[in-house]
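In the two assemblies presented below, chain A is common to both, partnered first by chain B and then by chain C.
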Partner chain A sequence: MANFNQRERVIECKLVYYGPGRGGKTTNLQHIFKAFKKQATEEMVSINTKGDRTLFFDFLPMGLGKIRGCEVKVQLYTVPGQVKYDSTRKMVLKNVDGVVFVADSLKVRRKENVLSLVDLQQNLAEQKKSIFEIPLVLQYNKRDLAHESIPLLPVKLMEEDLNRKLKVPSFPASALKGTGVRATLQECLKLTLQHLQRELKWMR
Partner chain B sequence: MADQEQMKSLAKEAELYRAQGLLKESKEKYLEVLQLIKKNQRFQHNEKAIDGIKYKIHSLEKDMAEIDQETEAPELSKKVQDLIKRLFSFSQDKAAAEMEGAVALAVFGQFERALAEFGRLLKEGTSQLIAAKNILRCHLAFSSSDAAINQYEGWLSGELLSNAQLRNIRSFLEYVLKKKGVQTKLSEVVEDPSQKSKDTGSDPGLLDISSIRFRLESGPCKGDIKEFDVTFQSGNMISLIISDNESDLVDSIVPGIRLRGIHFFSQEAVFTGSGVVSESKRIKTGPRRGDYVLGIRIDST
Partner chain C sequence: MSEKALLAGDLRFVTLSDLFQILGGNRNTGILHITSQYAPAPGLIYFVNGNPVNAMCGPLVGLDAIYAFFGWTEGRFEFHQQAVQVEHVVKNSRMEIILDGLRMLDEGIIKKVGPPFPIKVSAVQSSGLKYGEGDALPIIKGPLVNYMYVIDEEEFLDGERIVAEGAHGNWIWVILEGVVEITKQTSNGPMTIVRLGEGATIGTITSLSWQGHVRSATATAVGNVQLGVLDSERLAEEYASLSSEFRELLLSLDARLMKITDTLSDLFMKKTKPPDGLIDGKEVIIEEGCSREEVFTITEGEAYMIRRTPQGCLSLLTLQKGDVFGYVPFMDMGREFRCASVVASKDLKVNRFDIDSLRKEYDRLSPAFKGIIEHTATCVSLTTRLAGKAS
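Here is the complex of A and B:
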């Protein structure tokens, strides 16, 4: 749950990038770090394995400045996508305020997207949070590979697979090229801050 | 010609998946290429092409095996360990936050540092039972059952923990070793006559209980499993303390509600039973001022 310091008018919230392994969660954060360097309050921290896979998490703290008289800070995290790091994912997801689910558009990763979304739903449920209630945005990453004739899942099919019941905002993106990254983050932040306003009434 | 185009396209896919770290998918595509080559009269004798694909499959298999065998938790720098402690301790209560930070270090496989943190908390007297049990868990995950047993034996000969706590820890260790399939006879806690009167302030019909664990069945924390040190016991009445920042928890354990399936940790064993919450009061003075003291009347074991 977000930390709201009423006396100093500072709200700090936590967004987690979730999704299957090698789907582009870290690439999203790397792009955000480059594009919003001014807002980054510390260096981005990544704990990777030799093969550049996220081992524990990536962490990027940002200051968004004042919104309606309140200093807004956001901590961005990624989870390790590989199935074997379940306890780490659970730990990183603790006290989450909003989630960006980064789905892989590659046709060969269709099943992994669904499994990862189910995993998210279960891990949220363990914290007594509902996937239908938490601020959530879907991102269909790697759309740029369509130009390289690599078989991709049509967006419509990804919507059917992942968003048929959730009906949350979704964005086609290419984290590598930076397309759709900003829009995804902005939407997730908007939903999260609206949600926190209902919960904490932090806006004046 | 169509086969050749398909081979090219599959090889391109395989190469891209490899570059993206999707090794299993890459291998599958190379296997498809290999199948096509073997079926095609024009290429089936092209040993160079076949060997080339086989070599790529072999190196993918090697990379996959390396990833599987990778040490799950390398030792991180102190700076990153400090960050983990900071990021994953959520409680406002300092002692609770310190414990959360140490638990996070253990979850992220930083066992040596976690052991040092739990050891410090134990010495400082912060939630000693929880700290001690986590030390044993770290030993079991990080080194061996023997290390955990040696640790217990060390506490047994020291003065850090009371007999009631040691008996509780003994039951816990016995339970986890049994679950791991380790057959061993742990040393008994020797009764110290000077401690006896302190430890046995309870009804002779009920064992000394040093901690309890139960799942909440109602209220805002429904479904949560909680464990508490017992701070006082008189007969079938036990008391425990809940930190003031866990107001949700206090709202879940109101006087009158029945707690079923309580696990009681005592010197003899872990046993289950039920109880009724008899009181919930805010502490008005002393170092635990603001915290809540909860009374539970045990009515069946």
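Here is the complex of A and C:
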């Protein structure tokens, strides 16, 4: 559930980028931060957690409009994949409103993708949330590497592996080049706000 | 709590990171007092417009003091709104402090302040149930550590959690030094199943295969503990190279440990009642104390592992399709039948394993892998004995 800041008349919703280590979560966020720098309210926080950096920043996306007179502020997080970062993961996933799952298209990372998705399901369950209900978008990252003849998983296979049961929107992307990053975020934001409005019974 | 406090509560319910976000979101100015029965003196964090600007925690001040508070997972807090006249030494953003604090807590850089034994077995004592010798649990030690497979060493401080029940992970550790307590959550509170010593492994064979990634119990350091991280990739490769029969046997051994542990925790909660007439119309296929070298896997029907007590037969667990039972001396498996029997339903159908080929495969295994199997088998037999005693 999003945080409603009564004093500032702001609804803060929390989006979390989840996925296997070194799959491109950080790169996604860095790209977004650069693109939305003017709308970011504070500097990006970057923590060196082993395996993957943990990032955080919040921003007021333009063009989302107001919900019941409140502006919508979006907090973006990445979450460290390693098992030992239990407290960090709990804090980040607490009251999460939407999730972007960044899957790694590298052929050798097929198993890691599945494991990480199962892990997400479990971690959400700990927060009493279902992976089938939470606003979720999949991103198949590193598609650009196909040009460098690095073996990639076909999108169809990744859909089969990860999205067969979920049936959520998915986007091929290259976070490094910046393609697909915005589309992923926008879709996740859209789903999150729709979900929020339904949850708060603001939409009939 | 004093009357002046505008916000007060328990850190177990509202964590420090929650507090930072509440006070931050409201841009509050004032002093947060934190007390813990495990800390000699209370601590203070000063907030100006929702941002922490300074803090005091014993001899520590500023950012170091704030970070130290992340280790205070138990305690009380109260916030007093008032003008703050201290030096603004902390310049970092709220979120940076939260994320960095939690990272250091997870990495063990920040010391957790709490009772020396966070998980108590008080529930066991209060229920009057005794197992093991007296109240002190026996410590299971493992075979000599094979350093060839240790790829990293980790140290855990007294009371630190190594793995959490229900969490994920497929790391396997071997205890190099110290004692680790294994506990399981029951509705009566945490129950200590076993204490492990040098050479014992934390993590199961199942975790080497695909489906195994959820931890079935919590492991906590008792005193300072030195652990060796085993090369799970190498072990997984070794596991993958085994015949399907052998893998079935290993998974079944793990499954048995889970089942018998569940039985023990049911007994702990006094849920299980000895069913009457369990033996009626059933055939005893392994008699207590039997040590015939035979292993079977169930293809149809059910079998029951039972223990005869003066009050009647107690069912320890139900064996179903795919479960393996029998006595494999070279794997140390099946020792539990020294104190239990197996009875079968009429429709039971089994397949017999080829003991010789199993033995050959076992002999080819690396010492580290053998160590894990041996350790699991020891745990099965000990837990069965405890369950037998607890009844």
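The criterion applied here is as follows: the second predicted complex is superposed on the first by the 170 of 204 C-alpha atoms of A that agree within 3 Å, B and C clash if a C-alpha of one lies under 4 Å from a C-alpha of the other, contacts with A are read in each partner's own complex, and residues count from 1 in each chain.
Basically, contacts are C-beta pairs under 8 Å (C-beta built on N, C-alpha and C of every residue); 3 or more make two chains touch, one makes a residue touch a chain.
Worth saying up front: this structure is predicted, and the values here are computed from it rather than measured.
Contact with both chain B and chain C is seen for A:I47 once the two complexes are overlaid on the shared chain.
By the document's definition of touching, of the two partners only chain C reaches A:D119; chain B does not. When both complexes are overlaid on chain A, the residue A:M91 reaches chain B and chain C alike.
Once the two complexes are laid over each other on the shared chain, residue contacts for A:G69 go to neither chain B nor chain C.
Of the two partner chains, chain B is the only one that A:F59 touches; chain C does not reach it.
When the two complexes are overlaid on their common chain A, residue A:V83 makes contact with chain C while staying clear of chain B. In the superposition on chain A, contact of A:V108 is made with chain B only, not with chain C.
Within the superposed three-chain model, A:S149 lies in touch with chain B and out of touch with chain C [touch as defined at top].
In the three-chain superposition model, chain A touches both chain B and chain C at residues 45, 47, 49-50, 56, 84-85, 87-88, 91.
Interface of chain A with chain C (complex): residues 3, 5, 7-8, 12, 42-43, 45, 47-50, 54, 56, 80, 83-88, 91, 115, 118-119, 122, 126. Remark: chain B residues 9, 12-13, 16-17, 20-22, 25, 28, 63, 66-67, 70, 72-74, 76, 80, 83-84, 87-88, 90, 104, 107-108, 222-223 touch chain A in the complex.
Listing the residues of chain C that touch chain A in their complex gives 15, 17, 21, 25-27, 70, 93, 95-96, 98-100, 102-103, 105-107, 163-164, 166-169, 171, 213-214. The residues of chain A lying in touch with chain B in their complex are 21-22, 45, 47, 49-53, 55-56, 59, 75, 84-85, 87-88, 91, 94-95, 106, 108-109, 128, 145, 148-151.
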